[in-house]
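Letters are used for the chains, namely A, B and C, taken in the order the chains are written, and counting of residues starts over at 1 for each.
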Amino acid sequence: MKVKNYSKEQLTGFYETMFKMRRFEEETFEFYKKGMMAGLAHLYLGEEAVATGVCAALKEDDYIGSTHRGHGHLVARGAEIDRMMAEILGKETGYSNGKGGSMHIMAMDKGILGANGIVGGEIPIATGAAYTIKYKGTDQVAVSFMGDSATNEGTFHESINMAAAWDLPCVYVIENNLYGISVDIRDVTNTPDLAVRAKAYDIPGVVVDGMNVLEVFEAAKKAVKRAREGKGPTIIECKTYRWQGHHVGDPATYRKRRSETEKEDWMARCPVTNLRKELLEAEIVTEEEITALEARVEEEIQAAVKFAADSPYPEAEEAFTDVFQQGTL
Amino acid sequence: MAEIIIMPKLGFNMNEGKLVQWYKNEGNTVSKGEPLFSVETDKTNMDIEATENGVVKKLLIREGDKIPVTLPIAVVGGADEDVSALIEDAIGQLSGGGAAPAAEEEPAAAPAEAKKAEAKPAAAPKTEGGRMKITPRARRVAAENGLSLEGIQIEGTGWDGGICEQDILDYLESTAIKATPVAQAMAKAEGIELETVTGTGINGKIMKEDVEKALAAKAKAPAAEAACTCQEGEKKFSPDGKEILEEVPYAGVRKVIGDRLSESKFTAPHLYFTQKVNLEKLLEIRKQVNGAQEKKTSVTDYIAKATIIALQKYPDMNASLVGETIVKYKSVNLGIAVASPTGLIVPNIKDSQNLSVVEISKASSPLFEKAREGKLAIDEYTGGTFTISNLGMFGIENFTAIINPPEVGILSISSTKDEPVVVTKEDGTKEIAIKPMMNIQVSVDHRIIDGLLAAQFVTEIKTLLENPISLLV
Amino acid sequence: MKEITYAQAICEALDEEMERDENIVMLGEDIGFIGGNFKTTVGLMEKYGDLRVKDTPISEQGFVGMGVGMALTGLRPVVELMFSDFLLVAADQVINQMAKIRYMSGGQANVPMTIRCPIGAGRSSAAQHSQSMQAMVAQFPGCKIVVPSTAQEAKGLLKTAIRDDDPVIFFEHKMEYNKKYQLDDIVEPIPLGKARIAREGKDITIVATSSMVMKSEEAAEKLAKEGIDCEVIDLRTIVPLDKETIIESVKKTGKLIVADEAHERCGIGAEIAAAVADDIFYYLDAPCGRVNNPNVPLPFSPALEFPLIPSADKVYEKVKTYFK
């Protein structure tokens, strides 16, 4: 894909979103290292191009189903990063008042149907949203994000089978970062490409470079168009890599089994720094412009960090709210 | 099956009991539900019924003996049953308990093996692991009826042979004095206490004939016991020649009251403070209150409320001397003295501290009613923290009450009378007016209460009664 | 009044609700073309079309999860599982998703979804098609649990379940489906969380769920002739639990039996017994008793199955142990 084919606005938009995700996750990691965060978080560092490219193809009223590694999806959908960070710290000002945490940051107003802690748990939910769209006859789509390992869950097969049978407007995006915690997908799955499973459902399945936001965007655009036209679902497999281990506390030593330099090789293909370099080389933006953009994002990130850190924890009674909409526990 | 009969514990605070009368002698047959003996508690006499059919094998204490509760007092067994081991066991318990058994002669000797075989624990309710088998509900019903379960003998018919609610209700029913309406009316008219009458009807019900028998016995008794040296016809004379109208033993409830009052008067140095109270406003407000609702309030109810408020302001007055400690109570269990058939009795309103005047009135009416009928439960006239005594209805101008121990004060209320009093008008001039005036007097135990406090306390009550709005808010 | 079967009463409730609210969409196995394995959806596909009454593949996790997604995006899905046993196949979507999303989202989202599924033994369906799952799911906060008794009750409660903004699991009893009941011409929704006193009595309280209500009433009739006056409470819902009605009753009677068809261990009986002991220990005049399936899987042979199933006779026998 040539950067020349896109407007400056579109390209700086991609960069800004990816840079924001990058900085968001770096600060989340800081929270963990400083002991400010309870529990764990699964970082999106390295995978920024996937969420950015896919969500760029969506409209505001579309739906996404997210995963335990979901911060990037939320940033890409324009969720408020201060409330996200507050949720990660378990604060009262968080999206779920501290009841969800890193794995379950939900922003219903951004069409996010939940970040799911169960691998593959979100696939039928997003498929159900697609059923609603079909039933109501609107032109929305639903996107189900999932990791490589979710493709080996029953929900993957059950959901895509139904979506294909009934032409539901759903796009299934596999973020293939190669590992299910420590297990290499290549050791537990017989096909190097996961998108080939689309053949079983007689729907399109495409494999794209998940380190390249433009490639992801193009594939997503095509799949979304097909869905909106009522032609049914598509599987997009994005080959990508996570800089960190499974979560903030995982040193990920298992990755040296295949190649001592596996991580470094992937990091050389960093979607954020490479797009920056490309934009400067193609003289689409000046150094000053991109520095100013980064400074603006940095300011927003720092404000969010401060907001989250300064926010109070919820009162203990908060735990007893939001179980039911109506009636008693 | 043989069983040991024990001195029952008939109230939370009862530590020892006095055997008033045996209704059966050794060798008599006794059936379940039949009164076996009578026990004097703090203020009443109570008949205790047999819980099994059998023969009275041994009476271990004499009439008039006082022994700690739960100690054996008799052994009942089957007609041909050898209960010597059980008797020995009971005597052992008694002497261990420090009470002298009535039995002079040694129990018949029996081989040791036989003793072992025969020796059965007292037929207390079935227990499991040493705990009484009783349902929580039965426990609650017993507590509500002031029935102490300690040492009680009730046959369980509930789950797995445990004592259930119905067993407690049956027990309460069986221990209540049962008398025919005619017998009740006759006893009342003749001043006979039903507690002292042995019933011969079904389940020990007191019949007309039983009361007649008791009347006859009463008429005979003074003659037999009279301490006179000479007798002329129907007349009786004292040794120094005074004609005697009637002789009544100083005993039972009369003696309990008397002993307690003399103990109070002689151990607690009494100190008295009197105030004159203008009841004009209070009588007006009472009229309005009574006009507005069904439950009629009495002046005593307002005085009670004023006293409760004053006790909360001066908690030193709501106290008792327990050994070496002065215990001040948060609970105000306000006692109100009432005349009962057996003498003055002081039922108290438990936790009256938060009650309104009307609630006080509602709480006290049934207590007065029961007191007049002599039906107060033990817990209803024990545990008070302060007492008021109102003789206003008898036209008394002023009187001095003796403190009801272990309380530290008592308030005496005299009658309300129209009196000329000097009143200050709004413009500052004075005039004489006729106002309904009442004397109140507080008696305090000077060991604990200083004069100043007592004076403040009684003045507080006066102020409250003269500004009665404060009693209603 | 009219005489219809329990299955028809369920079908009427679905029909009337779908007529009222076009956001109600049904998913499930065999609910469309043949009108349901137990004939509870007869005629609905013809009436509302195959997009609103959807025959699904045998993918319980998939279509229950889709129901969650539909509920999150504005529909009121009614999902049928052919047997309550299949809740276990869909357990992640039921327990981790449906019941928890509102909570995990801090109240941003509601899941107005109803899962219908039949419980109960008695059809020689053996160990995987005879279970009563109501106690198991009651363990997890976040979904309401309805256990209706008669056809009239089932119709009224199903309407409320569908209208409720929270997830509801609605347990029908498969042995009731073909039984005939008298039904009011118009059945109003019955509020969730309010038990029904099916029979007043003073000697012992029998709290019952689902068909155990009718069995308990039958036992109570027989016991009344022997002078034992049973109060039968139709629990209606396990979540929310109407403790108040139970407690008022046990305060009166002092004795409690809980009759529920699920296995005894960690069941509704244990829950209610504990709740009663917590609140009104001093009103208990006997231990709390239970009538349940014993802690063995349901066997196939009628010779083995029937002796296990809690029956009117078992309720009768249990009550008799309190009045020896």
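Note that a residue touches a chain if its C-beta (ideal position, glycine included) is under 8 Å from a C-beta of that chain, and two chains touch if they have at least 3 such contacts.
All values reported here derive from a predicted model rather than from experimental measurement.
Engineer: Would you pick out the chains that touch chain A and also touch chain C?
Structural biologist: Common contact partners of chain A and chain C, which must touch each of the two, are absent.
Engineer: By CA centroids, point me to the most central chain in this structure.
Structural biologist: Of the chains present, the most centrally placed is C.
Engineer: I'd like the Å distance between the centres of chain A and chain C, where a centre is the mean of that chain's Cα atoms.
Structural biologist: Their C-alpha centroids are separated by 40 Å.
Engineer: Quick one: report the Å distance separating chain A from chain B, using the average Cα coordinate of each chain.
Structural biologist: Chain centroid spacing, chain A to chain B, equals 81 Å.
Engineer: Taking the mean of the C-alpha atoms as each chain's centre, how many Å separate chain B from chain C?
Structural biologist: 57
Engineer: Can you list the residues on chain A that touch chain C in the complex?
Structural biologist: 63, 65, 94-100, 104, 106-109, 113-114, 116-118, 121, 123-136, 142, 154-155, 158-159, 161-162, 165, 321-329
Engineer: Under the definition above, what is the set of chain B residues touching chain C in their complex?
Structural biologist: 135-140, 158-159, 164-165
Engineer: Give the list of chain C residues in touch with chain A in this complex.
Structural biologist: 25, 51-52, 56-57, 59, 61-75, 77, 92-93, 96-97, 101-110, 141-142, 144, 164-166, 192-193, 240
Engineer: Where on chain C does chain B make contact in their complex?
Structural biologist: Listed in rising order, the residues are 254, 281-287, 322.
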